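In this document, chain identifiers A, B, C, D and E correspond to the written order of the chains, with residue numbering beginning at 1 in each.
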Amino acid sequence: MKFVTDIKNTRQEEKKQPTKVYDTKDLNLWYGNTHALKNVNFPIYEKEVTAIIGPSGCGKSTFLKTLNRMVELVPSVHTSGTIEYRGENILDPNFMVEDLRTKVGMVFQKPNPFPKSIYDNIAYGPRIHGIKDRKILDDIVESSLRGAAIWNEVKDRLKENAYGMSGGQQQRLCIARALAIEPDVILMDEPTSALDPKSTLKVEELIQELKKDFSIVIVTHNMQQAARISDRTAFMLNGELIEYDYTDDIFQHPKDERTEDYITGRFG
Amino acid sequence: MVDNNKESTSTVRVKSMIEKNRQKQSFRSIGEKAVPNLLLGIAMISILTTIGIVFVLISETFEFFNRVSIVEFFTGTVLRPLSQDPKFGILPLINGTIISSVIAMVVAGPIGMMTAIYLSEYASDKARRVLKPVLELLAGIPTIVYGFFAFTFVTPFLRQFIPEMSATNILAPGLVMGVMIIPMIASLSEDAMNSVPNAMREGALALGSTKLEVTFKVIIPAAFSGIVAAFVLGISRAVGETMIVAIASGSSKNFTFDITQSMQTMTAYVVEVAGGDASRGSTIYYSLYAVAMTLFVFTLLMNILARYIARRFREEY
Amino acid sequence: ACGGDDTSSDSGTETEELSGSVVVDGSGTVYPLMARIAEEYMVTEEENVSVEVARSGTSAGFKKFLAEDGTDFNDASRHIKEEEQQMADDLGIEVKELKVALDGLTFVLHPDNDWATELTEQQVIDIFKADSDIEKWSDINPDFPDEDINTYGPNENHGTYEFFYETILEEQDLKADANLQQDYSTLVTLVSEDVNAIGFFGFGYYVNNQDQLQAVNVDFGEGPVEPSLDTIAEDGDYAPFTRPVFTYLNVNMAKEKPQVKDYAVYLMENVNTFAGETGFAPLPEEEVQALVDELKGL
Amino acid sequence: MATHMTSERIQKRMKRRVALNKGLSGVFLLATTFGVFVLGVLFYQIITEGIPYINLDFLTGKLSTNAERAGIMGAILGTLWLMAVVIPVTIILGVGTAIYNELYAKQGKLQTIIQTNIANLSGVPSIVYGILGMTIFANLLNLGSVVLAGGLTMSLLVLPIVIVSSQEALRAVPSYLSEASIGLGATKWQTIKNIILPAALPGILTGSILALSRAIGETAPLVVLGIPALLLPFPGGLFDRFTVLPMQIYYWTLDASLVEEYQFLASATIIVLLVMLFILNGTAIVIRNKFQRRY
Amino acid sequence: MKFVTDIKNTRQEEKKQPTKVYDTKDLNLWYGNTHALKNVNFPIYEKEVTAIIGPSGCGKSTFLKTLNRMVELVPSVHTSGTIEYRGENILDPNFMVEDLRTKVGMVFQKPNPFPKSIYDNIAYGPRIHGIKDRKILDDIVESSLRGAAIWNEVKDRLKENAYGMSGGQQQRLCIARALAIEPDVILMDEPTSALDPKSTLKVEELIQELKKDFSIVIVTHNMQQAARISDRTAFMLNGELIEYDYTDDIFQHPKDERTEDYITGRFG
């Protein structure tokens, strides 16, 4: 497990506080009457991997989806508090979500390529933003696929349907699709939980790569994974952010008893 | 926390009781054997009747073609079944059927599709809960009511704008048929669009798409086969619709393309002939079967086509 | 339906209470009269007898009448044809012709048609005949509109069609584009909404729709005659277009089923009462009475 | 990575895209309400014409050629008699076949053909069933246009619908329920009888009621069977001649040229028919909601 | 975590080999062409808790369902090899499955009570086996609910629908339902994976209790759970039984590298 140790070293060095991409303040969220997020205060830093862990139903996905306002797809949702993205409060109803989502990419638990060709999957984003020039699209497709470390595997079958690929490839395709519109932040919700160990490893390596250019927030139920790839880790429970710190600290000296219970496998 | 006394007493009892019952449980095996056979019998009745339908149609149609050449039937543009010198060309009926169906689909296609888009992609839960039952209501209205509506309301209404329109014409029933088919197209297309996993929508929205783009660039392409199937079934429904045309489009057997004129569809022909002269054995009696068979084959093909499209082109997601 | 109690025993004319059904089909022209009488019979005479009246047209009706287990009566707006009589003989069905009333074949126009309200017999024939010179109104008279004449009539299921075709057109073909319909109601609507229309059917369908239609006054050589109950009566001025209407009785059935015979008698005893109100000219009393006596003797 | 997503361009387009989305969503809503609008016009026309004619005499009276005396009790009873045939026949045949197909039949080519056949039959025009009914029940069995012949014809017509919807209801019973039963040592029939059927019952009922309302509203097959235009006595048994509400509407619409008021009687009859159908459909909806899957 | 240590002690003492309830020999199983179980040899011992662990799709549930032949509900299944239950080969087509399933109870991943009252849920099994006497049924219902440690919570609402209960209660109800026909063996397929930590604990305690009277086979994806409650643990991978031993040995000295990889969280 060479790369894991490498990272740990770099991480230590970076302990100077970097810029905040997001700053979440007193965020509350309800699904109808269910209080799913309770007073969450949660900064996210530029060009880091931030992991969110916690038992099922604790609000990890909810929080992640709030960051690009995808959570609004559930009609009964309402929120209080603010989330500042690069200084602007994205919870403001006047904030244009299409804009936000163009800048904040998202990768889901189950790979969800469109039932189109590999090429069209990647080109989808640029196209809706008005890029029609075939040459430029070719360019974007190639660089995105390279960025997602999958170019070599698919370059000869760009016209084939994306559903002919393996789960791991599909997931990297989805990452490439997110890269194609050159986001600032990438949100990932358990991106490897549907993958086999080998594909998991590939995606984990990829995340390490991407960190150089993007800020990444990742939800995972696999604590080892959080430990392996993240710079900071947040532990949530019942909609509350229990503890948030450098990953090493969380796993080695958790301050909260509940964090410790969870990490040592008392529940979940 | 476990009451051991209680349990051990009943343990002996229950276990042995079950054991004992199992020995003498011939009653169960009788049910096990008899029921499937009984059900098989019932299923056979259903299946035989379906075979019976085809058999009756084929044998009587055969008799018809003994009397009238199949070529004349399918290529003749003159239909004069009752005349001294009868002519049995089905083309006027096919023409009427196609024209009325096209009119219906021109109404039902776009409106049904837009309704499906609205219900599946835009409507709030509340709006959907109100609108869907109303559409179901529209689908549940007997066709005789639509026929009445076309004849006593829509035609007079249209004649204010098209004075040369005939009192019985193919336009009004075609339009009303379209209204009747809207719910079918809407709900089948909506089903198809609904069955596109939410993950697709989320994937597209997360890339900054508007709902409109999600709908047209992702959902509709993904649900395309289901939508085509809905349209095909809609056409099949229009072709088979009877009372609306029987009441509102008259019984002229004109071979014309003027939609303001009276035309007859295959279904309306059956109503006219069967309602009047359906005495057994006459050629005109057998012509009913030939027309019904044509209808049957046509709608069957449409149904099979719809099914094939839905299956063959089903996207895998 | 309700059966059981003996309601008709006090009438004295019958020894037993009648029940069962009488099935009537045939002419749509005669239908209003026959339905009216049937209803009267069921309401006032025999509650337990069901008289069902359908109207698929004279010719179509004969096909149902001349069959095993066929109908009991067939209403007709023309005489039985030779081949139909032949068929009855073959099947061993004894057929009795009952003349019930007189009807005038009426030619109808759109109410706004102010040019063709008076036509000669020949003009009427030419309008409907296949190879004639008359296609447009202006072909009859240059003052008439330069518009196509749209012709309407009942289809070949109907005695009215055959009467027109055989007796008036003398078996010359109708125009190929004549709009022939199964239902009289459709015809009424069609003509009432087409200024260039001319159609034909029984007088009854005209009188009931005088607000939507006007009749052609036909000139048979002695000036235009308006069809009316008086003119269509026997020896009236409309006589050339007047025809008797009938109902045909299956005598075998009348002998077999008492309710059929009973109804036949009732029918003939009451036709003249209801003829006028349904748009028919009544027959001379003696003629009707003779038929009643014949029926009673069956 | 090269930057293609230059911000000004995207921003400008973004406003247009969002506006287009908004605009078209309005169009879609409009299209959706079109059906509602037509329904409104239809109801308005029928109710204004028909309501004045609805009274107790009309509902309980016999048919008559006289518009003032005419009543539709015979047609109402005929419709009820029709239901009395259609309900048992389709439930027994339809649900029985569905259970067999869904739970007993071995999946194979033959079964697929049978299934496809049944599904296809539900799309065959009703008029074809009318011809079939005329051939088999009226001509071959010589029943004539009596309740039994009409009922059986209608049963044939809705049978495929009942089979398909019952199969769907049976399929919708989660497999973990039957697994639980089988895991306790229950035999197949015990499981079906005690677990699957009760759980599928709301679905089966809903489908059957909707099929029944189809049978009540159908006209074309009965026209082919030759229901008479004037029929006074009330049907009292399976072998009585009958008429039903839609036939009454049909004849009155046709005869509006004979007597003008017939059109209004047709409207009044439509109201009665629609009320009956709403009650039936309402029942189906209540059943569906009340017994909505609680598992 | 008092009870865990208690058990560990008792387990050590019991290391004399007890009777085999099941003896699976060279079991192979195919779903159509998918080879889901490969040459599995797997004895199961009386009055022990046997845990089966392994990554998703490795065949755990398939094996468990083979033990009561529920796997046959999938029509395309065929098998080779033998499974002896108390000396009889249950894979013999003449073996009466209803009999087998009466003796071998099963508890599923998702609680699956019938949509009936609590009482009727429990009484269902006895009733189908011909017990109609109301008094006896009352008796059985009470003792089964007591046996599943849920009597006190539900005794006043026996007539209420089972779907009004919480997930944890439902799962114990399902266990009670299995107890009502007094099985010999109880098979459990991830019985706690749909439950919250508190309910999980309750069910785990219950399993410890039940062990006194029944032989229990439990599939779990939670390794801590396997360690806590089982006497023996089997590790499966890709349809093969990789390793099968006393739980302590498996977790402390796995012999196979793949077992170790799995236990230390390298995949899953």
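Assume contacts are C-beta pairs under 8 Å (C-beta built on N, C-alpha and C of every residue); 3 or more make two chains touch, one makes a residue touch a chain.
Treat the numbers as computed from the prediction; the structure is a model and nothing was measured.
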| item | value |
| --- | --- |
| Any chain in contact with chain A as well as chain C | B, D |
| Contact-richer chain pair [A-B vs B-C] | A-B |
| Chain centre separation in whole Å, for chain D relative to chain A (CA means) | 50 |
| Chain C and chain D, separation of their C-alpha mean positions in angstrom | 39 |
| Whole-Å gap separating chain B and chain D, where each centre is the average of the chain's CA atoms | 12 |
| Chain D, residues touching no fewer than two other chains | 14, 17-18, 187, 190, 226, 253-254, 256 |
| In chain C, residues with contacts to at least two other chains | 56, 183, 186, 189 |
| Residue numbers of chain E (touch at least two other chains) | 99, 102, 129, 181 |
| Complex contact set, residues of chain E against chain D | 68, 70, 73, 75, 98-103, 105-106, 108, 110, 112-115, 124-125, 128-129, 161, 163, 174, 177-178, 181 |
| Contacting residues of chain B [partner chain E, same complex] | 1-3, 6-7, 10-11, 13-15, 17-18, 21-22, 25 |
| Chain B to chain A touching residues, read off their complex | 124-125, 197-210, 213, 217-218, 221-222, 315-317 |
| Touching residues on chain E, where the partner in the complex is chain B | 99, 102, 126, 129-131, 136, 139-140, 142-143, 146-147, 149, 151, 180-182, 209, 213 |
| Footprint of chain D on chain C - complex, ascending | 1, 21, 23, 25, 31-32, 35-36, 38-39, 42-43, 48, 50-56, 69, 183-189, 205, 208-209 |
